[in-house]
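Contents: one structure, followed by commentary.
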């Protein structure tokens, strides 16, 4: 069920019977010459809505702008500073609990949001307010991702390309896939992000000219569909698992 | 132009030539038994995208959750606390200036956001970072609103109903319009929001049973279209006016 | 009773028997060529003390500097940024509850403070700490204000002029009333504060040369007295109404 | 010159010619059974206004409520938490610099405000925004204070009593001076505030029954006048000294 | 050179000639039944001091308590909340730049600090204040770590055990190594930290009984020495590389 | 017992039986040409560890960098801004209470930390979280300090010199003691820190050329030992006294 489409009386039963919410979060940031800036929030929204439809769990509207300062050198990247993002998401989540929600899945499609969602989730759990966890689709099906692509990216690479080819083909510049590959960096290793054990890079512009990695020509809408189906299934299972837990079991352990 | 659909190289020309951005903001909150919780952000998004299409100015993705704590007693209302909202919007806006944006129209469809957008805009202007102003569609065509409806609401009333009937008819429960009217409050005056000069109410639940005001049966999709056209025209003019100004003229006056 | 004049043992009975406090707040900011910068806090203090005397409710000392950044271009305007004001007032109010106060009237005479007092009051109520509401004298007697003046201002206009003529005649430059009128702006409408539905102004200096609006020559001390008496009566009634309420009835409604 | 009484055009010359402001700050807190809660802010205001009158320097309205949480157990004590106080004073001071003020004397009559005024002043100086220093009247004439009283208090003791007897005799309960003495603590030493080198007390209620120290019967209005004259003279000199300094000389030294 | 041991005049030459500082950071938290709670800050300090000795670069005192809330269920774990940690480290680092430092290596031995050091470093770089990067010894020699141990842990595992056996043998309970292994979890995989792509654990107590992972009996002081030598060499190279860079080259790239 | 050296199971008994922790805090800042920058944290650590050894109370690792911005003009002074220091210490202390600690002695050797530790302690006590008090060694034995030295400093003077001569003789430049004295300021009075009752100085560099006060040639390791023994004894007694108190008796008094 999508919260945004419902009138308030029609939500009463849900909150009486269920306590889980799915919150999609993404980013609006450069994804190379071939993909739209909305890529991450479109992917997050697609998974969240799909799984809400399949399972009946409640899906909220999407947080469209996240922590993307590291992509700022490319036209159009939007971002908020980390404390603003954390406060916004924490406040939004705390307030969901007013309606009886006590477990939340952040369906997130932007790596830059992860540590901040983890921090928010840890805080909410430590305060015993809610159990909120983040989910990234590619983390749920690592073997399939590896199997489908030689160089999966990550950022703006073939796996994200395939996903948008499947979900929003009209937004992909298919004629620029080779350009994307040739103007980018083959892999994280090639990007040279570490020196002597230290992550010496901060921005995507530090080591890529066009902002993306991997071989985009390896992407197809069919692969996108396969990924979407497989990861959606994982998210369904996560929601079901979460729903089955007793709230007390989701809360922190006692002091030893 | 909608930023979310563009790949970064395709935005270069815009930022070279223009410095205006349209940022839609709304809320996700109860709008009575007949309207969807997304009402405000759907309206904001519709105006922002329409005017971006007509004028070519850049429209960003929408901020879907705003300051709606005063509607929290009704199922499904989502909200963030005011400081979180201000920080999020201020950070998002400051960062737009990194690409050369120096004037922003917050296309806002939720009254509860207004003082906070004003505070953010005042801060950004005082710091000479950007000139950001908020726009509410109904404020731009007050005479037409008054002419079309006897009791326009405001919250969840006929003017918002008509707008969603026009924009997203499938999301309106047309069979509940009389219920909405009969279970709500005819007008702000009837709501008794003031006592001896003091605004003594804080929450919608303080003076309405179903969260809405006005006579919803007075709404039609045709009226919605008329409102949408008229207000869009106003927003077009606002953007054009704003674009014509010199940045220095938008900045604060000197000390006398 | 005025808290500032009392020794602590003499307050014991009050706190045992009553739970209401009156907190005056104003500003120190330009009020045109004819009125003192203290105008707003003098008016707030006068109402608060008068009503405390008439009713026996407790009045605290005055918060003299408020949110007046929009008047900063005129010599001598003092102000604090909105977050500092909110924190100061919220902390002061929370701490009053330590003595048993659970309802507060902010007798406020500066429009720029209003959204911030509303935000503080909403927070305190949501936390079930106290019920604090703001009161503006002119909001309590709108018909009388309209009746007495053709163009009442608002800022530095005849209604504020009349009030200071009555309360502190020595602080009014009566010989500058025509100058004030001629160098200012007749009305808010003439000030052109809106464009196409957007409030495009932020500072008083954006649309007035001398900082004030309305026809100051229309003011007299007699009108000031009439206004003061009428609004004081309203404030008395507000305090009495507030005192009669059960605390639970002042707190937020339950979730529907 | 008192800023609150002036119309803005009459302040122009001052800001052109001078750059010093006197800001009075006090507290509203218990001062024993014999003195009013306003004691500290009345004293601060009296010194600030007097010296402004004598010298022509600009005096602002008073900050009436300060950091007094340590007196909260006694009826009527008002206070704000330290961060709120610092933010309020810092913001107020920074904004004074907009008019050309670059040196500020905080005429403070409450010991509990001192470390916070020092912190604010250090910050403003480190940022090279302003040179703001705090002044306590009794610190300026320690020998005279010692000479006039055997046990001067400090809090609510004979030196503060004498000051209010002189400035506001109607607010002193002269018939309770012996009660104040007998129900209080003779001296800081007697209060036992330290144990083995650690300040083990936090609140006035930890070691006094009525909130005050010293022998209040030793106070007279004549002593109050003598103290007021002597300390006013010191404050005049401080302002004159400060006025004579070059701004650069008031700013921090360079790195060695 | 160790800053703590020097008198200020003896540091003048360093700051004239160099602009690099090494800042050790660790944690004070449970490291199983066999290792001291100081483990992480002892390791960080050892590397930082050793490399400062070898190279002559400046090493500061150690930040001993970090972000370890996820180990709180075990006796003695100390921690600060993430915002406090970030503010403390950011302030400390910004202030180092006052002496001319513009590049900092955070020699960090606690994984829980990493995202926060990255956030601080990104902020400082975005503000063009300093280039600060974090270094973890095990990240610099992944192959050697893998070669020496079958199951390296990470937390409280054989690689940390070996390191303390080498650096502070008196602090290791060698008689508890088998207990540590048997009461803990063999590997991160065995700990079951993920479900369907989501990291579902927050605390060490969620999936370990004694707080540690890996086979501690595989550790020896000799292996510790080998690791220490190898990683020290990497840190030396990192410092040398960093020292060679032009400051401008360390700062963010321009907008494309 | 030193927490850092213990494995977590070995702390269980302590937390079952005791509720007191000793937390050493100092600074890293210039202490003249003869003393190391670590002076204050070395002294704090020495007292804290010694007394922990003598009494069995738990001592934590040291907070090495404090509020020392007023020494920043001298090479190598490290510092954090006051809010960062307070947050760090408050968070660290609150989290100690998770293990059952409810009383804390901040063994502090840096005057600049004192008001901030007092503020943190007052907050924790007001919240009834813990009773935390600061202890400065020299405050515990004022008579002995006065007896041993004509001019004890304070900063970088003979009492601190003697202490480091005793604790870490290798870190004292004994050949620079006369230089320290001759290039510094004999006493606080000579430093001219006050003008007409106002503390007009903010930085050590405002009134000393080499950063120190007093006659350093008066220091010997023997005097250092005598001071250390005497003050350690005081700290032992403080801990014992604190341990004997009922927690309720350490908490704030009720409202009168």
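By letter and in written order, the chains are A, B, C, D, E and F; residue numbering begins at 1 in each of them.
As a working rule, contacts are C-beta pairs under 8 Å (C-beta built on N, C-alpha and C of every residue); 3 or more make two chains touch, one makes a residue touch a chain.
Treat the numbers as computed from the prediction; the structure is a model and nothing was measured.
More than half of the contact pairs at A-B come back, by residue number, in E-F, the repeat among D-F, A-E or E-F. Comparing chain pairs B-C and E-F, the larger number of C-beta contacts belongs to E-F.
Distance between chain centres (mean CA atoms), chain B to chain F: 56 Å.
Averaging C-alpha coordinates per chain places the centre of chain C 27 Å away from that of chain D.
Averaged C-alpha coordinates put the centre of chain B at 48 Å from the centre of chain E.
Residues of chain E found to touch two or more other chains are 69, 72, 74-75, 83, 98-99, 255.
Only residues 3-9, 11-12, 14-15, 28, 30-38, 41-42, 60-65, 69, 72, 74-81, 83-85, 87-88, 90-92, 95-96, 98-99, 171, 173, 176, 211 of chain B touch chain A when the two sit together in their complex. Chain C meets chain B in the complex at residues 69-70, 72-75, 82-83, 105, 115, 118-119, 121-122, 125-126, 133-141, 194-200, 202-203, 205-206, 231, 234-235, 237-238, 241, 252-256.
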